[in-house]
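Note that chain A is present in both complexes that follow, paired respectively with chain B and with chain C.
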Partner chain A sequence: MIFTDPIFLFVFLPIVLVAFYATASHFGRNYALALLFVASIIFYIPHSMMSVILLLIALAVNFSVAMIITKMDDQDKNRRSIYLFGQFYNIASLCYFKYKIVTLLLGPKSGLIVDIAGIAIPAGISFYTFHQAAFLADAYAREKNVTQFLGRLGSIKSVFSAFCRYGAFVSFFPQLIIGPITYLSEFNPQIQSKRFLRLNPIDLAVGLTFISIGMFKKVVLADNLAPTVDVVFSAANVGAEIHPVQAWIGALAYMAQLYFDFSGYSDMALGLARMFGLRYPINFFSPFKANGIIDYYRRWHMTLTRVIARFLYTPLSVAGTRYSMFNRLAPIPAHLLSLWLPMLVNFQIIGLWHGALWTFSVFGLMHGFWYALETEVRASKWYKSVRKTTSPLVIGFIERAVFFLPLCLSLAMFRSESVAGGFHLFGQMFGTSFDAPSAFNMREPVVTLAVAFSIIYLCPNSVELMRRYRPAIMTYDNKSYGPAFLRELWRPGWIQAAAISGLVLASLYYVSRQPPFLYQGF
Partner chain B sequence: MSEQNVILEKITAIIRDLFDEYDGPVTMETTANDVAQWDSLSHVRLMVMIEMELGVHFSTSEMQSFKNLGDLVNAAAKQVG
Partner chain C sequence: MARPEHFASVAESPPPHSTGFRLTDTRWRAARPMILAAALITFLYLLLASVVIAVDPHNVYRWGANPRIEPDDTPRDMVIDWIDVATKDPSFNTFLVGSSITAMYSPEYLKAILGPETRAVNLSYGGPRPKDRDLVLDRLIDNPGVQHVILTFDWTYMVGPDVANSGFPTFLYDGDITNDLRMVNLPTIRKTFEIMSGKLTYDNPDDAEYQTYVKNMYVKFQRPSEIAKLGRMIERNRKDIDAKSGKDCHSFRSVNEQLVPDVRSLSGRGVRVDILFPIESYAFYYVRQNDISPTLLDEQMIARRCLVDAVSDLSGVRVFALDGDPTVAGDLANFREVGHAYDPAILQRFVSAMKTGKDRITRANFATYERDIRNAVKEYRIANSFPIHEN
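What follows is the complex of A and B.
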């Protein structure tokens, strides 16, 4: 199911909510979590039965490994091997099912890989795999929440109820398909708290507000930009001439579409979880207001940034720094090893994480170079002296102006149907095809774009708007940008009710057209 | 002087050298947020410099788990002692 599906919103969600709070008050925590686990599996069934089986196997493998390494003694040499087996399973299943990496490397006719039942990429596999990989790492490091969460594990019954808790933690439907990728240290304290399981009207109100805002962003803004984006990118893919203005509208429309698609999803995920009394880590915090690519990745898909930095970038950078310092390398090779190489690998993985396509690889390369370059510039004496002598307002403006163009181009490459198509679009954006025939009617997309970019740059984001109700766990300490007089605080009232009703009505009007969330394919 | 103090003193020297623009106090309570130059990149450098100076070894997950200099000093003291 997807969040904007009326069957999900008006049938599935109310039934699960009532069942959850009824089970909670009559049978307690373990049964309520087991119910969430079962409901999440039901939510997942429409994606494909094969995906459900894969998810259950992945849950069983990771849970068993976590259970065994938690019980084992630190001195036991097998502990590390068992842990590595678990992580190997995660990486291998991700590579196999998502990338069919052998096929990619050797071509489709290599015949080296047997395609199990011709399965499509299982929805959410990259999210629940990262989720469980992080959990296993915590179990291996004996993070204190893991021991508490798994419990004593004496009898079969206790193992079963621990498995249901684990199932709920990994597959809870608000975050199963598109994240946020959550740590157990964020989830466990909430389910242990006395407040969990108690029906609190504020949770429902805050949750519904987030769902309404998220739905509007997805159904009204993102989906209305989709047709324009499709027209421009398919034209670019076949090498057609495109009027520069229309090429720009296409690229900008994709920026806004991706933004509101993911932002809308993230709002809905926070809202849905909140209706069950749970808070999730924030995944999206006004990324286009960032003052550069470094700031951007602290605001865009923050829980992915966090996991990749923890498991990939930092170990690589530590290894590179150790090597260069022990061997007393000169500054340039030392920088290449401790910054550039880890950064390029890091972004190549982030790019390919979205799928095994060359466009994602080029996107990763662009962002890797850009990130490393910006790091060097910000560390330079020149930048520091400019910063001391220039007003922060001017610097902020220049930084954002410099940030915008590479962002727009790299996201256009990300969306392109081929690398050649991406470069062709760049050529058309800066080209002179002024007599190219019009590819689409401009009025509607231009109005939608104007509304979309005004919201992006001027309005507070949903977490800022609702901050009085602590809607999310902060993953990075981000500054609020944007006009201060617009940083309104949400409070219950007639005007707010009318505004939210307006968003809901507009969403319902458009909801009959249902393209899937973009991030679902990643 | 206790072991912790000796280690803190050595680390202080490294911090003064690496974060040359910082002239505030360096104590067991100091965190990366107190020092403008102390970002994730220089954090890795700092960790490796401390490893080399004290002859200790931190795992990557340990490096990321220190909440303040006190945690770092205690972890180093365990290995030195």
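What follows is the complex of A and C.
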């Protein structure tokens, strides 16, 4: 199911909501979480039975490993091996099912092992794998929430009960397919709280508002930009001549499409979780208002950024710094080893996390270089002195102007069907094919783009709008940009109810069209 | 984790045990408008969905009303919602399954050319893709009343079998009733209420609009500046126009896995199937190689050859093409766009071919046809008999 599908919104969600609070009030926490787990599996079934089986196996493996290493003594030599086995399973399943590594190595017709790998990429595999990998790391580090969460595992019933809790944590439907990638330390305290399971009408109101805004962003804005994007990028892929204005419209339309698609999903995920009394970490916080790539990654897909930084960048950077110190390397090689190399690897993994495509690799390379370069510039004396002597308003404007173009180009590469197609589009954007036939009628895309970018730059994001009700867990300490007088506070009322009804009705106008969220493909 | 500055002034949620009955009441009162609005929308949507599914305006279920298409209606882009209405109607025996290039044919027009026994319906809609085309043909295969099917073999058969027209309601034809809730859109709701008020037939409101649209398109295309732009484009793309694609018959999965089996099933049932290669101008290949495929000409020729090979031995199946005639495909005055013919005489010749058997393509004459087209396209120089003073 996808969140914008009427069967989800008008049938599945109300039933699960009523069943959850009824179970919670009659049978308690464990049963309520078990119900969420079962509901999430039902939610996942339409994606394919094979995906469901794979998810259940992944849950069983990770839960078993976590259970074993939690029980084992720190001195036990096998503890590390079992932990590594769990992480190996996660990485291997990702490589096998998502990256089709076996098919790549053995060719498309090499027996059963390749045939199984040949199934469609299970929806959400990248998300739930990272989710569980982070959980295992917490379990290995004996993070206190893990012990509390698993509880005493003395009987089969208690193990089963813990497994259902774990199943609910990993596969809870608002975040199963596209995240956010949540740490147990964010989930466990909430379900242990006495407030959890108590029906709070404000949670419902906040959740409904998030869902309406998210649905509007996805269905009305993102999906209406999609046809223009598809036309321009397929034309670029076959090396077509594209009028420069249309090439720019295509690239900008993709920026806005991706923005509202992911933002819409993130809002809906926060809203859905909130209706069940849970707050999830923010994944998206006005990223196009960022003043540079560093700020951007603290606002775009923030939960992925922090997982990769925790498990990849930090260890690599620490190792590079140590190596440089112990071997007394010269400043430049030491700097390359402790900053540039870890940064490039970090962004290469972020790029390839989206899929095994060269375009993602080039995208990762672009962002890696850009991030490292910006780090250098911001650390330089020149930048610091300019910052001291120039008005923050001017600096902010220049930084955003400098940030916009590379972002637009790198996202165009990200969307392109091939690297050649991406570079061809760049050529057309800066080219002179004014004779090229018109690929689409421009009026509608231009109007939609104008509306989309006005919302992006002028309006507060949903979290800012709802900040009175602490709508989510802050992943990073983000500043709010944009006109302050427009950052109104939301509170439930009849006018707001009319506004969200308007958003839902506008979305329902396009009900027959249900393209999946873009991040479902990653 | 540090909280951002703007969160400093945020009102904290009250601690769990400080909430008495009054506060709970206040919360309910505050949230009431949102919850009522959501409940109302859910209730209304489900109510409308129940009514729509019960009435069944698209005739996809075994129950419900039996709406009809009036004998001379041309639903055009609305047709995608009315596939089952048309294919389940026993009064039709001839179906034109086409695309935008055949959208202008009215059933009466087809009847006038093909003969009085023809009771036709035009199931043409813009931009068909293999998956939805296959769904339409599957419905015709299941219809015992079908005697004659006219198909256009559009370039879209070059794409994969899973590609569907983005506006086509594939969810209505997949056997899963749960996703049928998506059909509850404004046109369907309107049609449902029309049916409930006793209006069981369809009427097409867009005839005049369509004629104006087509005429405007023609006038715009014939502007000297447009033709000159086209000429420059042809010269720029000339060197690659006959580039080899490296494809063979196995490359066209939609043809092999969908179209040919469907045609075989229809033929096996004794249905006459006429396949038309669309009348595209020679300029079409220069312009659309730009966005469809750099080797469009080669791929089109191979796909056509493979189709002719595959269906030639099937009884009652014929293939027609008019683009071998340079006076048709070479003269841009006949077109409203490089891939869409406009001249009524040519459009008539297109349909008449099925009656007369002229312009037929067979396995025996395909090599000549292919050579002629390839040469004509390769050597093409802009030709336009449209009188300039009419602009």
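Just so we're on the same page, the second predicted complex is superposed on the first by the 507 of 522 C-alpha atoms of A that agree within 3 Å, B and C clash if a C-alpha of one lies under 4 Å from a C-alpha of the other, contacts with A are read in each partner's own complex, and residues count from 1 in each chain.
In this text, a residue touches a chain if its C-beta (ideal position, glycine included) is under 8 Å from a C-beta of that chain, and two chains touch if they have at least 3 such contacts.
Treat the numbers as computed from the prediction; the structure is a model and nothing was measured.
Asks: Put the two structures on top of each other at chain A: do chain B and chain C fit, or clash?
Replies: Once both complexes are aligned on chain A, chain B and chain C fit side by side.
Asks: Considering only the touch criterion stated at the top, classify A:Ala205 as touching first (chain B), second (chain C), both, or neither.
Replies: A:Ala205 sits against chain C, while chain B stays out of touch.
Asks: In the superposed arrangement, which partner chain does A:Pro315 touch: chain B (first), chain C (second), both, or neither?
Replies: A:Pro315: touches chain B, not chain C.
Asks: So, A:Phe27: does it touch chain B (first), chain C (second), both, or neither?
Replies: neither
Asks: Answer with first, second, both or neither: which of chain B and chain C does A:Phe160 touch in the superposed model?
Replies: Neither: A:Phe160 stays clear of chain B and chain C.
Asks: Regarding the shared-chain residue A:Ala436, is it in contact with chain B (first), chain C (second), both, or neither?
Replies: second
Asks: Now for A:Phe397: first (chain B), second (chain C), both, or neither, which partner does it touch?
Replies: It touches nothing on chain B or chain C.
Asks: Considering only the touch criterion stated at the top, classify A:Phe88 as touching first (chain B), second (chain C), both, or neither.
Replies: A:Phe88 contacts neither chain B nor chain C.
Asks: Report the partner of chain A that touches more of its residues: chain B or chain C.
Replies: Answer, by number of touched residues of chain A: C.
Asks: Examine A:Ala137 and indicate which partner it touches, taking first as chain B and second as chain C; both and neither are also allowed.
Replies: In the superposition, A:Ala137 touches chain B alone.
Asks: Which of the two partners, first being chain B and second being chain C, lies in contact with A:Ser338: first, second, both, or neither?
Replies: first
Asks: Can you give the closest approach of chain B to chain C, taken over C-alpha atoms and in whole Å, for the superposition?
Replies: It comes out at 9 Å between the closest C-alpha atoms.
Asks: Contact residues on chain A for chain C in the complex?
Replies: Where chain A meets chain C, its residues are 5-7, 9-11, 14, 193-195, 198, 200-202, 204-205, 208-209, 227, 231, 234-235, 238-241, 435-437, 439, 464, 467-470, 473-475, 477-480, 491-494, 496-498, 500-501, 504-505, 508-515.
Asks: Note which residues of chain A are touching chain B in the complex, please.
Replies: The touching residues are 137, 141, 309-310, 314-315, 317-318, 321-322, 325-326, 338-339, 375, 379.
Asks: What does chain C use to touch chain A in their complex?
Replies: Within the complex, chain C touches chain A at residues 1-7, 10-13, 16-17, 27-28, 30-38, 40-42, 45-46, 49, 166-167, 169, 171, 178-179, 181-186, 229-230, 232-233, 236, 287, 289-294.
Asks: So in the complex, which bits of chain B are touching chain A?
Replies: 40-41, 44-45, 47-49, 51-52, 60-61, 63-64
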